[in-house]
Amino acid sequence: MVVSLISIILLAPLAAFVIFALLGLAKRSFPRQDLLSTLAMLVALGCSLYLIKEIVPKPDPHTVEWISLGNITLSMGFYLDSVTVIMLIVVTLVSSLVHIFSIGYMHGDPRYPRFFAYLSLFSFSMLFLVVSDNLLGIYIGWELVGLCSYLLIGFWFEKDSAANACKKAFLTTRVGDVGMFIGMMMLFTKFNTLSLYDGAQEGIFTQAAAQLTTGDMVWLSIAGILIFCGAIGKSAQMPLHTWLPDAMEGPTPVSALIHAATMVAAGVYLTARMFPILTATSSLVIAYVGGITAIVAATIAIVRFDIKRVLAYSTISQLGYMMLAIGAGSYVAGLFHLTTHAFFKALLFLGSGSVIHAFHAMHAHHDEDHTDEAAHEHDNHGLVHEHGSEIPPDQDMRNMGGLRKKMPITFITMLIATLSISGVPFIFSGFWSKDKILGGVLGRAMEWNSGHHYILFVIALCAAGITAFYMFRLIFMTFFGEPRNQEMHNMAHESPWTMTVPLIVLAALSFPAVNHLWFNKNNFKPPDQPHIQAPQHAYVSPDTKIAFSLFGLSEAEAAEEEGGKDTEQADKAHHAHEVAHNIAMVLSIIVAGLGILLSWLFYHRRRFSAESVATTFRPAYNLFWNKYYFDEFYDGVLVALTVWKSRLFAKFDLSIIDGIVNGVATITRKIFAAFIGFFDNRIVDGIVNRVAEVTWAAGGRIRRIQTGAIQTYLFVVLGGIVLIILIFRAL
Amino acid sequence: MLLSLIIFVPLLGMIVVLLLPRDSEELIKRVTLAFTLIPLALAVYLFIAYDRSDAGTQHAVSVPWIETFHINYHVGIDGLSVTLMLLTALLGPICVLASWRNIEKGIKAYMALFLLLETGMLGFFAALDLFLFFVFFELTLLPMYFLIGVWGGPRREYAAIKFFLYTLFGSVLMLVALIAVYLNSSIIPEERTFDIPTLISLAGETEHALADPTFQIWVFLGFFIGFAVKVPIFPFHTWLPDAHVEAPTAISVILAGVLLKMGTYGLVRINMAMFPEGMAFFTEVTEETGLWGYSLALLGFVNIVYGSFCALAQTDFKKLVAYSSIGHMGFVILGLAARNTMGVNGAILQMFNHGVISAMLFLLVGVLYDRAHHREINGFGGLGNRMPIYMGITTLAFMASLGLPGLSGFWGEALSLFGAFQEFEILAILSTIGIVVGAAYFLWTLQRVFLGKLNPKYEELPEINKREILTLVPLGILTIVLGVWPNFALDMFRESVAELTKLMGTFQAGL
Amino acid sequence: MKPLENIPSLAYFTPEILLVIFAAAVIILDLLVKNRESQKVAYLALIGLGSALVAIIVTNSISASSEPVPLFWGMIQLDGFAVFFKILLLLATAATILFSLRSEELDAKLKGEYYALLLAVTFGMFLMASSTNLLMIFIALETVSLTSYILAGFLTHSPRSSEAAFKYITYGAVASGTMLFGLSLLFGMTGTGDLSEISDQLVILLAPEQETPLVTPLALLISITFILAGIGYKIASVPFHMWSPDVYEGAPIPITAFLSVASKAAGFALLLRFFYTGFADTKIMHSIDLGLLLAIVSALTMTIGNLAALPQQNVKRLLAYSSIAHGGYLLMGAVLLTSGNAAIVERGVGAIIFYLIVYFFMNLGAFYVVVLIANEAGTEMIDGYRGLSSRAPLVAGAMAIFLFSLTGIPILAGFFGKWILFTAVLEGKLYWLAFVGLINSVISLYYYARIVKVMYFEAAEDTDKLSFSKGTFALLSVFVVPTIFIGLLNIFYSLSGNIRLQ
Amino acid sequence: MSLQHYLVISSILFTLGIFAVLTRRNAISILMGIELILNSCNLNFAAFSRFVTPPENIDGQIIAIFGIVLAAAEAAVFLAIILAIYREFGSIRPDEVDTLKG
């Protein structure tokens, strides 16, 4: 039953793609590829929902022998636990909604059927990744989603920026993938299998738990980090995150599906899957990578004007959050946030798509050279480069404003999502998941018993605040205030139902009920981490205490003092976590509120125009703006620091990382062209040719002896005779 | 008997073609196609009928040939040979189809030489007599020389001569080694033999002259250089880009698809099986071998990295594919150097896969060249709009070549690397650079050719036609099928490889 | 077997007698027929060769036993070795006559004496292949040489031909004079002219306990070197090769072909028999390090022949150098005579014989193409072969096969010839010599492939198709088919393996 | 006179012949040099026949006689060819007959 259901889930979207490909080869196309793909997705969604029933506490993998080489066998199979099912549901659900949304959004595109075919292929790959019970299967799905991402980012490949972006995305992620591949090689060499769970043979986890001694910890840490490299690439973590903002060149539904909800979350999924073999060291690395990513991306997001890029940086930041959670051992929190984030971020992207669509329809009508102009846009995620002309006008928030009346559904749904991501307490899912992460991080920081790692918590907290700030900035700039571009504003309109229905559904999912039901189930327990000394069993999800959180405020303060004195005791760990959770909750509410407040002051009160706000973030900043900072922020230094930092990171992004990625090809081209020119032509061919020349010259020399005069010949004869006699006499 | 039929049907075809009147070009082409389809049908039958559980030789025929030197006409197949024979037989008709329109002069001679070439290749993979093996190996040389030299591009003379000289140089060393093996096969002149299975078992006997380590090392080197030129292994590779660039499409396909495999096949069949001591010297790091133990793996690594980076630097589409071939053959060498089950299986799988994929790539380059009459990558742009199907197939081929999982190219590389990692960790890790760079140059090419705005010069460029699709589809299907179900090929040679690894004494139980 | 007396010997001498009779008959017929019908004379000469062939087979079969038959009191010897060479030489002569018939160069001048001389030279070569006495050796050599001089200069109004003849005779006379001096010393040392007696005597004379002032290794060395000058001149080995490029270039092409194949083969027959019978004991050979001497000569010969061939522009001259190089390859087999191991000696001789068979077909074939092209395109230069593949595809194809076979590209006969030679040399443990030989094989590709390149890869200025008669192709295929198939058939290997010196 | 005397004389003759062949600038002189060489050989044979072989064995003398005959034949052919050379080149200087070379 399980196998056949999963097979249907996988094969339905695949079939939709295959039909397209085969017909394409015969130079035809299916008349309603959109409906075909959507239907396939809905079927998969139905099956996924049905699979909830099939969850058992300790599932067996359903495997088949895939590659057999004598006594080496690699098997391929499905593994169905609660993580798989939640991922299946998230993927199929978001994918279905994006399919529906795209029917409206992509309408009229010359490559309309192809878009849906790609979406189907992507869904298949992503689902395959999710259900695989072994690293090889995950890797296959992993690379296939990368391919689909490549195809979809470059969907409008006539734009040079899109063409660049898709290449960059594929290449950057591939760098990470190679790390993952090496990690796989290490694990395989050690355990002789790539299966994670016990099937016909013992899987990696069992073997790792049973066989590895403390002496292998370094080795296992390296393997873990290498596998995590794959996640760094795919989930756009520092320092491989630069591809994701560029990936916004793809159609917006793609951004929603692939670059917000599913594919980029696959890195988190992978890290979570590898949870049992993470060691203390690798966990720490993961946590720090995640934390740094979270804060860096958030600060960058503040200064964006392109609505999609704000969301892109926000995505990076949130993914960093999830990584941080898993690195800190908050397995459940990480996956919880993955789920909630998938919904609200997809919603945000679709909402922005709806806005863009509204503007775009007008804009295409207004200005037929749109694609040309867009083609000029290049690399505009750096602050220095972000001038109005470089952002497509229909994505530039400075052209928006006051849209809430024109597009009420879009506005309301997006607002819900924003409240959720900002961590507005209690009624929005984002609050719960983020809070869980913060609590987990603080708890682990206490447990680690080293003051240094409190920085992670601080980072996370800051990021939360900044997130709230820039998200509301987005909302205020887009939907509130007066229309800045009246002409565009006049043309804007609410989107058709195919687009609004998905928004509404996603908005509904941003409320906590559904998610909580799932994550509070008993079977959703973090797996053991046998390679980390402090056991995680003590950590029991404190969700049940949520309702009393306000009450816990004073308790937490008291506990903090106590914990500070005596954190070494293992039996205090449980208590510490609970305390940590409460502290975190309070602090998170505070920073979220602060962020929203600041944003409101900045962008809703609108004392200053959008342009002057932008100039705020320039080095030649006039005193007036500086004052503004001092006036409105309780600590102006913070902002200056933030600005300075974001500019630094932007520069870092632009010149260093992008420089490396883009420059590698050019440099190698130059160096290698010279080198090949030298090596192939001079050395290898050179030797060959030199030998030939010498041979040839020898021929010419010998030829000269043949003078044509007979007496010379005779002289040679007699000389030869004498020579022979002289030489051989001695022998 | 069946085997001999496969081998010599193309030769018969050559005679028939030679007897046809020069002017009836269509007839010549059809006859050639027919004579390449027969071996294909037979090879498919052979492939299906092959007993996969049997590691030994099947369909063996041994007839005395030159008795004075104890040379027999001994042919037979094991899993490895049947796989490569299928590849050869498959590429035969595809190449004939690919030559259908773009060979302008001397079609009769072209087809005749092509058929001769096919006999040489098929015979090579089936030969079980060392001398016969050598003869078939060399039989491919002359047709190839003319096919490149007469029907090639502007610098064809240079390319043809270079190809010829390099290969001949290798063959000469191989010939010496071959004679040395023969002379050492027995002290008694009457008992000397060229029979490969016999020689393999003799080399396994202790105290036999053939088993002497020093002898093995030298003879190994002789054969190795001969094959290395063909593979081609750095630094014997410089003939390859020239030959590929100048050769007509179909010949490039054969060159990359089959001829390069002859080198690696030889390494497996002769060097590994017959000279395990020599092989061990170059692939096993012990006190005795010292750094020599790294040499083969190192060559594989150098091939991968060097080929990949060179490909990155190319602006000629065909040269890029040619260099990528060098890189991909590096994985074969690396896998073989590992000498374990995974590495060798991976290497052989990679041989087959590379044959299929590089054939596709060269066909695709040919399609473009036939339309635009140049191959300068930067001279295209935005063709995705004009030629969506062509772009689709090219993307498939590129993805397969850059080792996208789910397509066949991945498995060869992955298994080779997995195998190699168990023996040479650092080199295997460094070789993964090739994977990234491989992606880089293919994607960059894809971008420069297909993406971006359409180059106004090519607004009227016709889409790929039915005949061309027909040549690509079987290869594309194989790519996908093998990508999804690699056991399809692995089944064939798994037992043979097990036998081979056992022979080399490194059959690792439990690994 | 006891040497036969003069009268009984005659029965075994029939082939030679027939050649002489037909040579005379040819001259007489020439007087009878008109100038335009000189072909009839050629046919008579061919009939003569045919009858000699029959006679060879008949006399060989009546001797029945595999034992050699010494004739004329041991002056010459009839054995399998001699029979093989006689047949080979005879066929070469026949081929030369056929070439001459088709050669326009010779067309108007073809007279009876040309064919008579060819028959006479064949007669001389027969003697070379079978002499076992110093006197006979010298007479045979001089018979061949004198007639060859005339044939080389047969184009009376061509300065090149006259120059060739002049150089040939000057060189030949000095070389044979030197050889005669060497022979006289050998005769003086041993007191006998019979080769096997010489061998016996030398063993006694060189024995350590013997203190004979006349026979020191130095004396023997001087004598041998002088003799080698004569033999070396016949087989064009370094340093006695210098006549050959000039003579080959100047002589009429059929004669060049004849000299490069028949003359060389006869020279090798003489060389092998001389050293095998006259120096049968390895002690003699080792006293003067004959093996090393021959090996060095062999290595130099092939190297210099190949290197000098590289820059040549005239195909005939190129082939002249190439045939020098091939002489070097053949000498590798001769080196094995000194190995002292009967089996290896046998292999060496077998290899030479096999190589000569192969060489016969491929080299004569190549020269035949040169004749054809000289006739039709009027040039001997490589440039004249440009675009031949389109002007005369079959001839070009045949030429390519001959040239690749000469290079030693596998599956063509030349490869198998080299393979046998190299196998034998390696078996004789002369690794460095084999190495030199292999390097030379690669070098030779340069110039052979150059002609192929010109024929196939370059376009002709003159694109007219060349036309040839059916007979031409028939004759061409006589050379092409064996060039392809000899190596693939066991019969030639067993044939060459069965012929041994006795 | 002993064998040594004959051998010395023949060696001198041989050397003179070689010298003539190598240095003369006239084809006829070269021919004379060749004749000297051949005659030195004949002298050797005759001497060996007299001193080395038993008296009843006249092999050496026979060879010498054949040598004379062949020398005569060679001279005849040589002269004929010199005539042809003179006709074609207008000179019989050997160093002027050098169109074939290289």
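The first chain written gets the first letter, and so on, giving A, B, C and D; residue counts start at 1 in each chain.
As a convention for this text, a contact is a pair of C-beta atoms (placed from the backbone, for glycine too) under 8 Å apart; a residue touches a chain by one contact, two chains touch by 3 or more.
Since we're looking at a predicted model, the values are computed, not measured.
Chain centroids computed from C-alpha atoms place B closest to the centre of all protein C-alpha atoms shown. Centroids built from CA atoms put subunit C at 81 Å from subunit A. With each centre defined as the average position of its C-alpha atoms, the distance from subunit B to subunit C rounds to 44 Å.
Taking the mean of the C-alpha atoms as each chain's centre, subunit C and subunit D sit 26 Å apart. One inter-chain figure worth recording: subunit B and subunit D are separated by 66 Å, centre to centre, where each centre is the mean of the chain's CA atoms.
Contacts with at least two other chains are made by residues 166-167, 170, 174, 178, 245-246, 311-312 of subunit C.
In subunit A, the positions touching at least two other chains are 703, 706, 708, 710, 714, 718.
Multi-chain contact residues of subunit D (touching two or more other chains): 18, 21, 94, 97-102. Per the contact rule defined earlier, chains pair up in contact as A-B, A-C, A-D, B-C, C-D. Within the complex formed with subunit A, the subunit C residues making contact are 166-167, 170-171, 174-175, 178, 218, 221-222, 225-226, 228-229, 233, 238-240, 242-243, 245-246, 288-289, 292-293, 304, 307-312, 443, 446. Contact residues on subunit A toward subunit C in their complex (touch as defined above): 692, 695-696, 698-700, 702-703, 705-706, 708, 710, 712-714, 716-721, 723-725, 728-729, 731. The residues of subunit D lying in touch with subunit A in their complex are 18, 21-23, 94-95, 97-102. Residues of subunit B touching subunit C in their complex: 64-69, 106, 109, 134-135, 137-139, 141-142, 146, 149-150, 156-157, 160-161, 164-165, 168-169, 171-173, 175-176, 179-180, 182-183, 189.
Subunit A makes touch with subunit B in their complex at residues 21, 24-25, 27, 65-72, 114, 136, 139-140, 142-144, 147, 150-151, 154, 157-158, 160, 162-164, 166-167, 170-171, 174-175, 178, 181-182, 185-186, 188-189, 192, 375, 664-665, 668-670, 672-673, 676, 680, 683-685, 688.
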